[in-house]
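Take a look at the structures listed below.
Paired with chain B in one complex and with chain C in the other, chain A is shared by the two complexes that follow.
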Partner chain A sequence: MESIKLRKITSVWILAVFVLFIVSIVLGILMRLNQGEIIKQNSVTFYTNMTTHGLTMIGIWFVAGMAAINYLMERYVKTSYTANMIALVLTVIGVLMFWATTFIGKFHAGWTFLYPLPFKVMWATWATPLFLVSLTVLGLGWLIWSISLMTQILRKYSISQAFAWQHFKKNPSVETPPFILISMITLVGVIACLLAAVVLIVLFFAEFFSNGSFVNDALLMKNLTYFFGHTIANEMLYLGLAVIYELFSEVSGTPKWKTTWYVAVAWNCTLIFILTAFFHHLYMDFVQPEGFQIIGQLASYLASLPAAGVTVFSVLIAVYRTKIKWSLTNLLFFIGVAGWVIGGLGAVIDATISNNVVLHNTLWVPAHFHTYNAMGNVLFSIAFFYWFSTQFTENNIKSEKLTMATLTILLIGGIGFLLAFYVGGADSVPRRYSTYPAEFTSAAPLAVIGAIFATIYLIAILIFFFNISKRCLKVLSSPS
Partner chain B sequence: MFKGIVLTIIAVWFTLIVNAQTASTGMEEETNIYEKIFDAPLHLSGEQQMTFTALYQQKPILVALIFTRCSGICSPFLLELKDNLQQTDDKSFNILVISFDPRDNLEDMNNMAQKFGLENDPQWIFAVTDSIEQLNQSIGFYPIWDNETGQFDHDALLVGVNIEGYITKKLIGIRKKHDLDLLISSVNNVFSPTYRLPNKNSLFSCFNYDPKTGKNTPGLGLLFIALPAVLTVLMLVSISYFVRNKSQRMDRPYSE
Partner chain C sequence: MQQSSILLLFLALAVIGVIVFTYVYLSSKKVEQSEQGMANPQKKRFWFLLILFVILGIFASVTIPKSPYFLFAKETPAKTIHVASMQFAFFLSEHAIDPENLSGESIELPANELVEFRVTSLDVNHGFAIYDESNRLITQTQAMPGYVNRLRYKFTEPGTYNIFCLEYCGMAHQIMRSSFIVK
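Now for the complex of A and B:
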């Protein structure tokens, strides 16, 4: 069973994620209000907010997933508290450094900081190196954490068991729990993309310190950037899925999910496809070899199919004509899976080369990734937060009506906010514009609609925050 | 004491970082793109006066920066430009040949036009300006005077400017017709790809271009894309080997 120390550190992660989430949503709403011409921010402020919002969101939902699987993994293997603590400390330091570069240094190269943008200094000169240092600090903490969790799995399971290869045959002698399989697959992907970030940062620093005697290849840097960026954004979703596989049946009062041959095959395929799907970010790069473009398209299709197919199938089987104990936890899981699938479909539409010619860099892009994040992964993690907080304190969301009302607010806010992005994207409104040219007549009104619905979404998040954080604070103040 | 050492190391390191040069080479053609060109007053042949704005509002312009006393690249540069343009019948733009040497006057420029047989071609305009400093700065062109040779050390620079006065593309050096076509497309607001010039300091290129054969061959950079995945597999196998070996060692009964 997990230790009190683990409970406390998980509570700290939950509180930190919630606070940073709320601040980042506010930045998002400010961006939409500016695009809707309701407020006037200069473009530097807009792009500073955009960079802070993007990277903070990616960071917090990654650590939220990691904190959740670390907590649940204790059911199967002993995990390292020290690695968890190092990750927490380095995350706090990294976020503070990163926010200093944006809010004080005005660094605003976007969360993808695509080469050579960080070297086109349009901000304080110290901001570029500090930004790279902040990424190093974050990456180091997360790498230590991921390697530590992977090591703990490998202590108990051999490589083939951890990847559930014995399930490819009939009647396997050892059963690999789905939670271990998905965590292992995801951790390997996370480690690969964090190592891509290491190579990327080393190359950035090499050019920075070389006085012009070494320059980077833009194509290589873009490939590495998306190897890191695209992959981590996807893997954090899979961390959420590992949690669903572990908890959905438990909280619903149905039999525990098992690893079958098709679950094992699907997740093993996912590992390979997810590491090559990032090539779809380079469709517009005419120098990228055509073979990579084809791999990009195929992997984008194939990466989403097995994991999504098997998970949706499992969830549907679990709820179809079954008596389920519905609670906030499994309702959030259920809605989250729907959001993930809808966002995934939006992504596949965009990853199809012929569509990408039209949708590339339009609001369709934030539309689909906000769908599987704001209405997918975020809900997986909040479901875990809620479940976690009710483990040690009494469930004081007494009124079922309040739960339903909060979920309704969340759905209305989320769907409206996302629709404004989708409609804009379908109307070719470009992404990452602080204000829209007059030619895009629908852009500003849609941005206002987006801001209004995002505020409704924020209200639901605040209700969850007060509810869950109250109980996390109790866990923190309980005697060790 | 210890704190002091740590703080000093951090301070020195940050000073180094902040002072480190961010200058990158191979990007010279990318500077000042999509910035407005300076609205310099121009003196054209035939004693005409005109502003830059009035000129680019008529048609997009290709600006060639030269000086008439150049004993180096200026003549071959103009000659190649003329030859390349003769192969197209495109009249959608004008070519402005402008001197960046304050010693040049209109007569020098007219002589130069005659030397190239361009004095009666309405598409070619030869001019001087009193505001060359500001013009150079808006383009990102920095010729350096060399007292010893009595010459400017400078690039052969051709700049595309569209009818709104924005710099859309730059070409450095004597370039082939294909590159010129891209420049012409860009001043007509047609997408034209842009890429960093081949550079010997770029060690990890994904592809290496061979100017002799005109072919690309796979480069070291491609390996770097695979590196994170390879390292992950190695890490996975070695951790598994290490921890399982260790646990087997611990499980082994004490035999002595």
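Now for the complex of A and C:
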């Protein structure tokens, strides 16, 4: 079983994620208020906040998923505390460096830092190299952590067992737990996209230090950027799914989920689809080979089959007319799966090339990814946080009314804030505009509505934060 | 309009999703100990997957041929417009644009004839998005340094069309715009 040190470091991860999440939500609300002309920020402040909001959110939900699978993996294999600690220290250093580039250096190239924008310096000259160094530090910490977890899996399971290939045949002699299978598949994706980030950063630095003698290819850089960006944003969701496979039945008081042939096939297919779906970010680059564009659409469609047919269907089967011990943990898992499905629908619509031509870079894009993050992945992680925090302390949320009230606030806030994005996207409102030209008459009112509902969402998050952090602090202050 | 249909389709699917999840949740709240779970779940899973696969297959085969790369691919454009983008302006011309001596001109395009925009960027990535008179996005492509994207379109309605940058390009991204007239 897990050590006290692991409990403590997991508590630190949870507290750090929550604090950074709240700051990032506030930045998001400020952005919507500025777009709604309720407050007046100059465009540099807006885009600086946008860059901070985006990269911080990606970073924290990735580490939240990693911290959760690291904690649960201890049930099956010994994990490395040192790797976990290195990742924590490097994440803190990386985030501080990154925040220095944005809040002090005014770096505002967006979290996707699309080449060659970081080189068109509209901020302190030191901010671009420091931004690249901060990404290197974050990437290094996460790479060490991911490789360490994968190594530990492979010490106990052979490669074919880790991928559950023996389940393709009837009556396998060894069972691979679903948690190990999904963690393995996800870690392969994570390591692949982090390696792409390494290549990307090396190419950035090569141009930076070449004094103009080396210039990168913009199309290659964009492919690398989205291979990294798309994949990490999706893999962090899959980390959350690994947690659901492990915990949903346990907290519901139902039989533990097992790996079957179709679970094994589905997750192996997912790995392929997820690594090729990123092409849908380049649909509007008509110079990209057409074959890649079509692979992008097909892979995006196919990725929904194992997700819907196996994971979502299994969650529905697990609940349908089954006596469940409902608690905040499995309610958040259940609502999160619904959010993931609805965000996925918005994503599949956008991943259709003929739709993308009228949706690309409109508010439809933040609409769908906020759906499966804010109402999907975030809820998976908070469910884990809550479950974790109640393992060692007694004062669970006893009042069912408070739980239901908080969830209602979360749903009202989440749905309202997302609808403002979807309606704006269908009304052709561009994303990433600090203020809107007069032509977009619906844009500012929608932004105000978005800000109001996002504030309601924030209230629910604050309730979770106070409840969970109180207990995590107790874990931290308990004797070692 | 395409966007309205997309929004309606999405909302309809989202509502169905919410109904299914709510129904399943309520079914677990009401259940007696004796009645457990779903009958024949694997058979239902198989049919669900098959139906989903067929729907997605139909969607892909209907939509992929409508992708912008294939539209008007075999026709010859009546007019070609060169577009050079840079922070934070578009230069449009009927003639090739000299990056050393940038100049644009006001553009008038014929209605119901094929137009090709040859879009590039002289600095960072930009978006080249065309909006009709009701401020609806009708088509777009990216402006990428070192590459020329060819965007073909047939305008059916005369009027003034706006161009907005849809790829974040820096501090004045939101004011990067241009326009042309279709007669």
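We adopt the following convention: the second predicted complex is superposed on the first by the 477 of 480 C-alpha atoms of A that agree within 3 Å, B and C clash if a C-alpha of one lies under 4 Å from a C-alpha of the other, contacts with A are read in each partner's own complex, and residues count from 1 in each chain.
One rule holds for everything that comes next: a contact is a pair of C-beta atoms (placed from the backbone, for glycine too) under 8 Å apart; a residue touches a chain by one contact, two chains touch by 3 or more.
Remember, it's a predicted structure, so these values are computed and weren't measured experimentally.
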| item | value |
| --- | --- |
| Combined model on chain A where chain B meets chain C, clash or fit | clash |
| Touching partner for A:I201 - first (chain B), second (chain C), both, neither | neither |
| Which of chain B and chain C A:F227 touches, first, second, both or neither | first |
| If touched residues of chain A are counted for chain B and for chain C, the larger one | C |
| Partner chain in contact with A:I104 - chain B first, chain C second, else both or neither | neither |
| Partner chain in contact with A:V26 - chain B first, chain C second, else both or neither | neither |
| Partner chain in contact with A:V92 - chain B first, chain C second, else both or neither | neither |
| Partner chain(s) touched by A:L117 [first = chain B, second = chain C, both, neither] | second |
| Partner chain in contact with A:L219 - chain B first, chain C second, else both or neither | both |
| Contacts of A:L6 with chain B and chain C, given as first, second, both or neither | neither |
| First (chain B), second (chain C), both or neither touched by A:L476 | neither |
| Overlap of the chain B and chain C footprints on chain A, listed as residue numbers | 116, 217-219, 286-287 |
| Touching residues (chain side chain C, partner chain A) in the complex | 2-4, 6-7, 9-11, 13-14, 17-18, 20-21, 24-25, 27-29, 31, 33, 35-38, 41, 45, 48-49, 52-53, 56, 59-60, 63-64, 66-69, 87, 123-125, 127, 129, 131, 135-142, 144-151, 162, 164, 166-175, 177 |
| Residues of chain A defined as touching chain C within the complex | 43-44, 47, 108-110, 114-117, 120, 122, 217-219, 222, 262, 283-287, 290, 293-294, 297-298, 301-302, 304-305, 308-310, 313, 316-317, 319-324, 326, 334-335, 337-338, 341-342, 345-346, 348-349, 352-355, 357-362, 422-423, 425-428, 430-437, 439-441 |
| For the chain A and chain B complex, residues of the former touching the latter | 116, 119, 121, 125-126, 128-129, 147, 150-151, 154-155, 158-159, 188, 191-193, 195-196, 198-199, 203, 207-220, 223-224, 227, 275, 286-287 |
| Chain A contact footprint on chain B (complex, rising order) | 14, 16-18, 20-27, 193, 195-196, 199, 201-207, 219, 221-222, 224-225, 227-229, 231-232, 235-237, 239-240, 243-244, 247 |
